[in-house]
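Following are the structures in question.
Heads up, the next two complexes both have subunit A, just with different partners, subunit B and then subunit C.
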Partner chain A sequence: MSYTSFSFLLFLAGSIFLYFVFPKKYRWTVLLCASVFFYLRATVKGFLYVLVTLLSTYGFGIWLTDFSKNMKQELKQISDRSEKKKRKEILQKKKRRILLAYLLLNFGILAFLKYTNFFLGTINSLAGHEAVPLLDLLIPLGISFYTFQATGYVIDIYNGQLEAERNLAKLGLFVTFFPQIIQGPISFYDQLAHQLYEPHDYDFVRLKKGAELMLWGYFKKLVIADRIVGLLNVILEKYAEYNGTIILTALLVYTVQLYADFSAGIDISRGICEIIGIDMAENFRRPYFATTINDFWRRWHITLGAWMKKYIFYPFAVTKPVMNIGKKIKNSRFGQTDYGKHVAKVFPVSLSSLVVFMVVGIWHGANWKYVGFGLWNGLIIMFSELLKPLFEKMTAALHIRTESAGFRLFQIIRTMFIVIIGYVFDIAFGMHSALDMIRKVFFEQSLSAETWSTLAAISPIDRWDVLLACAGILIMFIVSLIQERTGKRVRDLIDDKHWTLEWAVTFAAVILIICFGCYGPGFDASAFVYMQF
Partner chain B sequence: MKRFLKVISLIAACSLVIGFMQSYVMRPWDFNHLRTKGFYLEPQDSIDIVLLGQSDIVRSWSPLHNYENTGYTSYPLSCDGITAAMWLPMAKEAIRHQHPDLLVVDVNNVTYNEDMELHRPFDQQLVDDMPYDDIRLSLALEARRTGSPRWLNYLFPLREYHSGFPQGWRNVPEQIREIRDIEKRGYTYFKGDAQTCVSAGARDILDLNTAKETMELSAPYEKVLNDFLDYCDANQLNVLFLQTPHRIPNKESKLYANFRRASRAGEIIEERGYPFINTELLKEEIGLDMQKDFYNNGHLNLYGQHKYTDWLFNEIQTRGLLHCAPDHTAAVRAEWDECLKYYHAYTKYLPEYRPAKDTDMCMETPQLIEMLEKDYMN
Partner chain C sequence: MIMDELLEILQDVNDDVDFENCETLIDDGILDSFAILQIIAALSENYDISIPAAEIIPENFNSAKALLKMVERLQNE
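Then we have the complex of A and B:
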């Protein structure tokens, strides 16, 4: 049941209606039933995997909570300090093993389903023949998203930040909540769960705002993303035949399409939640206005970044070996210099960033190109941190006013460039074709008439589509610019004006989506990009 | 209350604009759509004969030529490429709006392979201009039952045509004006007819006069045919089934398979007690010139159409299939007489019509009418 299907809209209207007419105490059960129905409609087999994750999360969560309680009580009874310390270490180790078992099980399922064929394929390509046959594995819908969300919950319990939920059905709702299971946003338990279980009353203003956010999402998905995706696909299909200019065009199209598509899915999810009364975490903050690559990743897929930061970056950065590297640099002769002091300070953090980006890369898919994607972003961030003093000296020497609009524009363009090169790893078929594409982009540029005529000949979209897409992109840009400048949501800004403006904007959005969106059986509307992860 | 009014006004405005876009702007507009629209514009109970089928029957029957010779009114509620599944809703629509004395059904629809019936690529163009009634709703629900992903498009054609302008965005103002003009006038000038005078000769033509082979209909078609015959039984309809003439090059051609299936359909129809004429076997008797009267192997041109219309009407009368004499109000007669003037001009102009492709029909457009009025009606 795709977000863009008529059946989904019917399902959604029914679910929201039932939610508000149900007795307050049981409203969360409507969300649970809707979520289970939504998932089962997509895949029954996949739901079995969800159940495994749910049951293990439930069981291990309670185990860890009880274990922590018993541990505290046991340690309370021990009066001797050294004996208490020893016992604590033993119990901590045991507790860690419980967590490890849980993580192994859940990330094991994720890794097995997503990466087995990748490794088998690598073995086969190394062997030069099919030494081991590939497995026919089903990747359950949204497996990364629900696994991350569930494991985050158990890690929080392990860290003593949460107590386990003892109602299996309630935990089930947290794991399977339908507006987010397909493509996120990934929520923390303490941020989302209580909102799911609390009853929310019908509120017209919220309904209106939620519907407006959904409309914005549908506009980006149906009018922009799905309109231009065809051009991207046809270039990628035979990229080897085209020059760097055409490949750069594909990259620019992908830059717009990916953002329009992914942020659209998130907006629709957040809009649904807003209607119900749930405040879901923001996932995008105008990423293409970022001035550094670090800034970009703080604005792009924010919830994944937050998850990575909390559960990988910090735990990794504070491990003894990583801390020791910093200490070693500090104690070396190099560490005594000004620059050495800086390196000693930022190296553990930069290394952690590299690790996080490697994980993010691998999370995106089982292919060496994603390793390249992680490396590209991780290394850029690492070196930008390590070489920061050098850049600062350079800007000072060149008398560049870093607060000027011109420099900010330069930074935005520079970041976009880095991001776009990173996207090559995303759209290429493999590592080899990614590197080939980068080579073409840099060394095979041609603005000849032949390039444009080739582009026009292969393009599955006509002039009208290009015009519509450009108008849509312009609207998206203006909305982002207003948000970036004012820091306010455009919906709120419109709300402050006379009601006719809000009426007119909603009217225009509905007409644009229905008349100019790409939907229905006449169109091969593509699935949301992040559904595949 | 204010909030309620805002929401209602928004819904109403959206519905109005979307309705307008669907009816006039984001829609295809060709002779098939014009024909269907024209059918529903005809005054209630003013048509004596309604013809159901595909392009074959449309190019074989000229309503105005027949009116001129016999005084009987007729209209093809037919569309290029539609499937046999459309017979039933078309017949229901014909009866509801016109109560015709006779229904003529071209069995060509059931002679294709299954694919066409399953995928129904052209049915939408007939549905586009159908009124929103129970027949249209049941047609959509039936399509849904058979698993067609387009079922919703039958109720909401914008879902089929959105996102662009089927006739090109530059033609939109002209298209709106054209449709509005026809609606205001209340009838089409050529009664759904669109023809050409192009003659395409052929080297190989199979002599079918002695051919008696039949071929089983594919299962979905046989079911559609039987269901339709059941409906005719239940409603005691006066129906004539026929197979329109084609030029069949050899026994290996698709058209020959179609001919054999049509013969089989004829057997089923006659077993059920309904008349069937396989005019594939009667081309000589009709007087069709195989070189001059076809614009391609599947369709008659204007010359063939007139011969066929004359012959078929004669056959209908000989068989006593028309139960009443033409009896129309003065207004209806005036309308048809007016149309006849335009049709005369049209047939005068048609030999000069130079289509871009041989298969392009000369469609009724405001420009054509203007030209006919100026140059051919004095």
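Then we have the complex of A and C:
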């Protein structure tokens, strides 16, 4: 049941109606039933994997909570300090083993389903024939998103930041909540769970605002993303035949399509939550206005970044070996210099950041190109931090006013350039083709008439589609610019005006989507890009 | 441990931040993850403590006062 299908809209309207007419005490059960129904409509087999994650999360969560309580009690009764310390270490080790078993089970399932065929394929290609048959593995819908959310919950319990939920059905709602299970946003338990369980009253303003956000999502998905994705696909199919200008065109199309598609899915999810009365975490904050690559990753897929930061980046960065790297640099002769002191401070952190990007890369898929993605982003962040004093000296020597609008524009363009080159690793079939594409982009540019006639010949979209897409992109750009400048939601700015304007904009959006959206017979509405993860 | 000593360590990490008065270092995004880890490295070295990742929460890093409280607690553990 795709977000863009009529049946989904019916399902949604029914669920929301039932939610508000149900007795307050049981409203959360409507969300649970809707979530289970939504998932089972997509896949019954996949739901079995969800159940394994849910039951293990429930069991291990309670085990860890009870273990921590008993541990506290036991330690309280020991008065001798050194004995207490010894006992604490032993119990801490046991507790860590419980967590490890849970993580191995859940990340094991994720890794098995995502990477087994990659390894079997590698064995076959090394053998030169089909030595081992590939497995017919089903990747459950949204496996990464519910796994991340569930493991985050158990790690928080391990860290003493949460107590386990003892109601299995309630925990089930947290793990399977339908607006977010397909592609996020990934929520932390302490931010989301209580909002799911407590009843929310019907509120017309929230209904209107949530519906407006959903409309905006449908506009981006159906009018922009799905209109241009065909052009991207035909270029990629035979990319080797085209020059760098056409490859660059594909990259630019992907830049728009990915953002329009992914942010659309998130807006629809957040809009649904707003209607119900749930404040869902933000996942994008105008990423293409970022001034540095670090800034970009703080604005793009924010909830995945927050998850990675909390559960991988910090735990890795504060380990003794990583902390000792900084100390070693500091104690060396190089570490006594001004630049050495800077390197001692930022190198361990940059290294941790590189590790996180490698993990994010590998999470995207079993392919060497994703290692390239991790290296590209991680190394650029590492070098930009390591060379910061040099850049500061350069800007000072050149008397560049770093606060000026011109410099900010330069920074935005520079960041976009890095991001767009990084997208090569997304769209290419493999590492080899990614490197080939980069070579073409840099060394095979041609603005000749032949380039444009080739593009026109292969393009599955006509000039009206191009015009419509450009108009849609312009609207998306203006909305983003207003948000970036004012820090306010455009919906709120419109609502502050006369009600006629508000309804006129809403009506225009509906008409635009109905008339110019890519849906219905003859259109194969594309699945949301991030559903595959 | 006195506050002045801690403030000196924090200023050494980033002297653009008003550690003395600010109480929303995390909530207002004044400290990013790079700065947080640099503070952890400096505190670990100066006070001979180990700060686990579970301690990296806004309540512990929002102000110098909160940091001082965390350091004292970890020293006593």
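One rule holds for everything that comes next: the second predicted complex is superposed on the first by the 533 of 533 C-alpha atoms of A that agree within 3 Å, B and C clash if a C-alpha of one lies under 4 Å from a C-alpha of the other, contacts with A are read in each partner's own complex, and residues count from 1 in each chain.
We take it that a contact is a pair of C-beta atoms (placed from the backbone, for glycine too) under 8 Å apart; a residue touches a chain by one contact, two chains touch by 3 or more.
Computed from a predicted model, the values in this text were never measured in an experiment.
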{"item": "Partners on subunit A (subunit B, subunit C) - clash or fit", "value": "fit"}
{"item": "First, second, both or neither for A:216, with subunit B first and subunit C second", "value": "neither"}
{"item": "Superposition-derived angle with apex at the Cα centre of subunit A and sides reaching subunit B and subunit C, degrees in steps of 10", "value": "160"}
{"item": "First, second, both or neither for A:376, with subunit B first and subunit C second", "value": "neither"}
{"item": "Partner chain in contact with A:315 - subunit B first, subunit C second, else both or neither", "value": "second"}
{"item": "Subunit B versus subunit C as contact partner of A:38, first or second or both or neither", "value": "neither"}
{"item": "First (subunit B), second (subunit C), both or neither touched by A:297", "value": "neither"}
{"item": "Subunit B versus subunit C as contact partner of A:6, first or second or both or neither", "value": "first"}
{"item": "Subunit B versus subunit C as contact partner of A:517, first or second or both or neither", "value": "first"}
{"item": "Shortest CA-CA distance between subunit B and subunit C [superposed frame, angstrom]", "value": "38"}
{"item": "Complex interface listing, subunit A residues touching subunit C", "value": "159-161, 294, 298, 309-310, 313-315, 317-318, 320, 323, 326-327, 345-346, 348-349, 352, 385"}
{"item": "Touching residues on subunit A, where the partner in the complex is subunit B", "value": "6, 204, 227, 462, 464-465, 499, 503, 506-507, 510-511, 514-523"}
{"item": "Parts of subunit B lying in touch with subunit A, wherever the complex brings them together", "value": "3, 6, 9-10, 13-14, 17-18, 21, 26, 149-150, 152-153, 158-165, 169"}
{"item": "Subunit A partner contacts - residues on subunit C that touch it in the complex", "value": "13, 32-34, 36-38, 40-41, 44-45, 50-54, 56-57"}
